[in-house]
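Below, each structure is written out as structure tokens.
One chain, chain A, links the two complexes that follow: it is found with chain B in the first and with chain C in the second.
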Partner chain A sequence: MLTRGSSGRTAEVAGRLREIAADLLATGEIDVFIGYEEGTLPLRTSPAFLTRPDDVSRLVWNYMCENNLAVYLPGLKGRVGVVVKGCDVRALVNLIVERQVRRDDVKIVGVPCGGVVDRRKLAAALGEGHETIRSAAETADGVVVVAGDGFEKAVPIEDVLSASCVACTHPVPVVYDFLAGDDEAARRACPKEQAYSDVDAFASRGPEERFAYFAREIERCIECYACRQACPLCYCPECFVDRQSPKWVGRWRDLSDKMVFHLGRVLHTAGRCVDCGACRRACPAGIDLRLLAKRIEKDVLEFFGHEPGVDLTAVPVFATYKREDPGDFIL
Partner chain B sequence: MLNVEHFGRQRACDGAEDPRATKEGSIAPGRARDETGEAWEPRIVAFLCNWCSYAGADLAGTSRMQYPPNVRIVRVPCSGRVDPLLILKCLQQGADGVLVSGCHPGDCHYIAGNYLARRKFALLADLLHFVGIERGRVHFSWVSAAEGEKFADVVRRVTESVKALGKPTRLVKERQR
Partner chain C sequence: MSRVRAGKRRGCSSGTGGRNVLRERVLRPRGELRMLEEGRPRKALVMTKRDLGRFVTHLAASYVVFVPVDEGGVTRFVAACPDGARGARSLEGDPFLSTRPLKELFFPQQETLFAFDAHGGIETAAGVKAPALGDDRGRARARDERLVSSPSDVVRVAFGARPCDARSLTLLDLVFDAADHRDPYYVSRRRETAVVTFACPEPGVACFCTSVGGGPFDETGSDVVFAEVGEAYLVRLLSAKGEDLIRGFEALREAGEAEFEASGEARARAEARMASRAVPVDAAVSRLEGAFGHPAWDDAYRKCLGCAVCTYLCPTCHCFDIGDEATRTGGERVRNWDSCMFPLFTLHASGHNPRPSRKERFRQRIMHKFNYFVENNGVVACVGCGRCVENCPVNLDVRKVLEAFAAL
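Now for the complex of A and B:
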């Protein structure tokens, strides 16, 4: 039997989530509750869609609740309760601002977030020969004990947090109907001036080096478009990569086509991307998808003073303009 | 719908025996050379808005102003119509440079198309630079219908900038090189 318990704070949150879900479902305020349940492998959780109050015992909360559940909301019929972390709710705010989801149709159950584990970082922390993980359990607040064939190792969560979580500026949901857990339990927000340190470090390299890195990363793309599928903001009925006329992206595994796809995608999520990290986690090739998005996020903040997903009354950044927007680059 | 692949096909077909290649070379001063030492003239796609810049280009022409013949003009209803993807696609399909030109701020026929375009272009320009694609490949300008001289000047500056960079190697589709 795989044991993947949670302890202390996370157990408390899970208990609150069950209470809230049971209550909402019992009173008929919502038709479906979307949360997390145990996955079929250790260190995995799956999205859970609950329709009956009896099912709420399936709900869990731990450091592996990584999926951004806002991805299920556009186009969903009926009223929904959804569990969101600090980043997820910002994606949801975007969806509401862009009128893909009606605020009245959704009960937002926020969780003050302690960050989620990056499985690739964890694998690196465990080292070679420790690929097969049999069980993982949170033994104390902020420590995961991972056990596999012939090894057992305690890993502090802080060391293996996803890069998006390290740079997170809003660990506590900015909008919610219910808050499961204490604000105090959330990660400390990353100071604004540190949020873009990796982007700035990359920008300080030479153009040849930057292009070489970009090409090396994008070359690995197998064009599965998992990043698009995982992204809550990629809800277009027909994506530009799927269009046949005009054909924006060729199908011959050409590097330049992959580059056009990734540059196009990042431009389409410009001013909307909240760095939830869903694309990066979904990528089977482990491409550094965050870098471009983070640069654009920084640009949008610097050029237009816009921070996505923090204000329900905001106007999408490309649906408006200011006379004093930067224009020095124009001849 | 503008066929974005058209430009690439045309370029892929016409080679050294294209009569225009020699003709253009003889007009433009200071012919650039590619890595094999052959004369090379950049081809620059210019997206000009129907109401200002296209008329500006027309004025430059009817006034017999001299400017490099390296631009291939695409008339668009508004600079706001120019999707950043079009620019990426031009570079990918073998354009050596891209110019997008629209009405001056405040003069847009559609009130705010150029303001909205400016936001998109600011991000695109920075993103291209960030991933290591030369800044001098993609240019933006505001040219009014009365500014024939400015249009000629912009084309001169853009052509010089692209010539200085030489043939593109980044983002270009393999078969287009």
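Now for the complex of A and C:
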């Protein structure tokens, strides 16, 4: 829906993606190409699985390419080409390092990323009376015109980007086989010293206030597990919450059950989470635990000097041990 | 009181093809689907928009009134404050389609079937006691405080439903209130709840109710339907339950031809708006018969992530799991929503899973709604509310899936 009016940079990227995909499929280097196609609703795109060069015209690129397509790779048979943003490829690097995906089986098609729109932020920016968006189109680079029942508004993308994108330190993919677009097309990377400013601000609040915030978020959980399913790093064959014997987590009204799931998931992705924001965007209740995950990311960086997903040879921080690792926290 | 002619009811229009046997089957449910009491004199009144808040307050004096309330970005039906203030606030402007479906007032995500305690040891497990049927905050409060002045069984009002959600209740009735299996928890909640629906003059972008036998002004499953007419509502009373609700509320006048006409035009506009994006449901239903092993499933499911957004937010999905939540001294036998999209749904104790991958699980969801349910009940298990379309993390649109199968 966004693509029809796409202009300038994003249209160029889409054109380049189609060329790359058509080549890879025509030469038989890959069996399937995973990219984005136009969605069925305004402000939506949808993952597309292409197997024939003729299909590539379906591919699009815009500010609504919100899914992390690396999620489809573990367990996928055959050779695959995949479109990745700066964050997505870091999740893919993790999957390769953790031996869930073979590097040789995947053609990484990176896109220097301009960021992804947070639909909830957009709805808030539009305000009341603008709930029903009937169309959206990019009119110029970085501006989306949204129209609905009795209104039309131009919104600068910059104002409605996902929080993850605002703090993104790697908008240009760190690993790729092809790059669709040049570095200049990407958003300016967030300076490292600013990447944790919202986390630090939140951390400075009192423990009760922080707990109340997370409780309020988790209370809305409907236990659909969309966050887990949208996360490329949640690939466990059996999630701990699905375990029946022993049963770790109750399915009951108690907030603590939901909390155990969410906190368990955040801890399980410690040192691996790349803040792509896919979990938050997948959540039908808009639950936001990003601050918690981001704080853990910061701890892992400060304590162990590890930044996940930027190095194909770096061992995951919790899969290794060094004598000089800090141990003060061990009781 | 003027009577609404039966002929005013819109015929079923799916927007596809001519009449055929299948169409009859899909759109004309057989068996127990409780259509409204046909032939019953129905009344139509007019209420100004200004009086809406006062009406909720009026209702809240006698009933527990549930209204759609936005709770941190999630809208759901919540009991309004006794003075109705909360309800009135949330109804300023048009009531919206709640994020969470109306079904949870009747079939909640979690409920206790009975409680037990273990005085004297686990073996004796004495004290098994069934709760008052349909026991929940709403009913308990109504009974305890003797708020009920209504002569009928109704103690709760779901106020601000949409026609799709109201219709979904009649589909759930087929499951939970059938001749050979009646679920007392569900049935009692249904019996004691009146449904007040607001027609949809401006259906949303994901809506497709007209393609599955409903409509933006559909009255199926509602006791009262409000339809906007300028600065007022045309209020149709469709059942005895509905008539009880307005008793004692004076600020109503009988509807005249002008209101009927205006509402009829709004309805025609809304339906026309939907006609342009009709989904070929009949054709899909007919192709799905025998399509269990079709290779089209290999493509249809691929982008599915395997979460339960579509099933949990669906107003007609009704699968559940029963388990025990034990404490040191007792526990509860509980019933929770379950989803066919989870591997655990069909995992056998042996470790074998007859639906081993997302493909089989995705197929199950589509087949249950558009094939098995039709087989069993003569109607598709979908009301076209569009929640699964709006909320799917990957925009896997059921309308597209149906189109793909219709085109096979």
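Keep in mind that, in the parts below, the second predicted complex is superposed on the first by the 325 of 331 C-alpha atoms of A that agree within 3 Å, B and C clash if a C-alpha of one lies under 4 Å from a C-alpha of the other, contacts with A are read in each partner's own complex, and residues count from 1 in each chain.
To be clear about the criterion, contacts are C-beta pairs under 8 Å (C-beta built on N, C-alpha and C of every residue); 3 or more make two chains touch, one makes a residue touch a chain.
Since we're looking at a predicted model, the values are computed, not measured.
In the superposed model, A:295 lies in contact with chain B only, and not with chain C. Look at A:270: by the touch rule set out above, it reaches chain B but stays clear of chain C. Of the two partner chains placed by superposition, only chain B is touched by A:256; chain C is not.
After overlaying the two complexes on the shared chain, residue contacts for A:214 are found with chain B alone; chain C is out of touch.
When both complexes are overlaid on chain A, the residue A:284 reaches chain C alone and has no touch with chain B.
Residues 250 of chain A lie at the contact with chain B in one complex and at the contact with chain C in the other.
The touching residues of chain B, when paired with chain A in their complex, are 1-5, 84-85, 88-89, 92, 105, 112, 115-116, 118-134, 139-142, 154, 157-158, 170-174.
Touching chain C in their complex are the following residues of chain A: 39-42, 44-49, 67, 71-72, 120, 128-129, 131-134, 149, 216-217, 220, 222-226, 228-230, 242, 244, 250-253, 281-282, 284-286. Residues 202-203, 207-214, 240, 245-248, 250, 254-257, 259-260, 263-264, 266-267, 270, 292, 295-296, 299-300, 303-304, 317-319, 321, 323, 325-327, 329-331 of chain A are the ones that touch chain B when the two sit in their complex. Of all residues in chain C, only 71-74, 93, 96, 99-100, 109-110, 202, 204-206, 299, 302-303, 305-309, 311-313, 321, 323, 325, 334, 336, 339, 342-344, 389-391, 393-397, 399-400 touch chain A in the complex they form.
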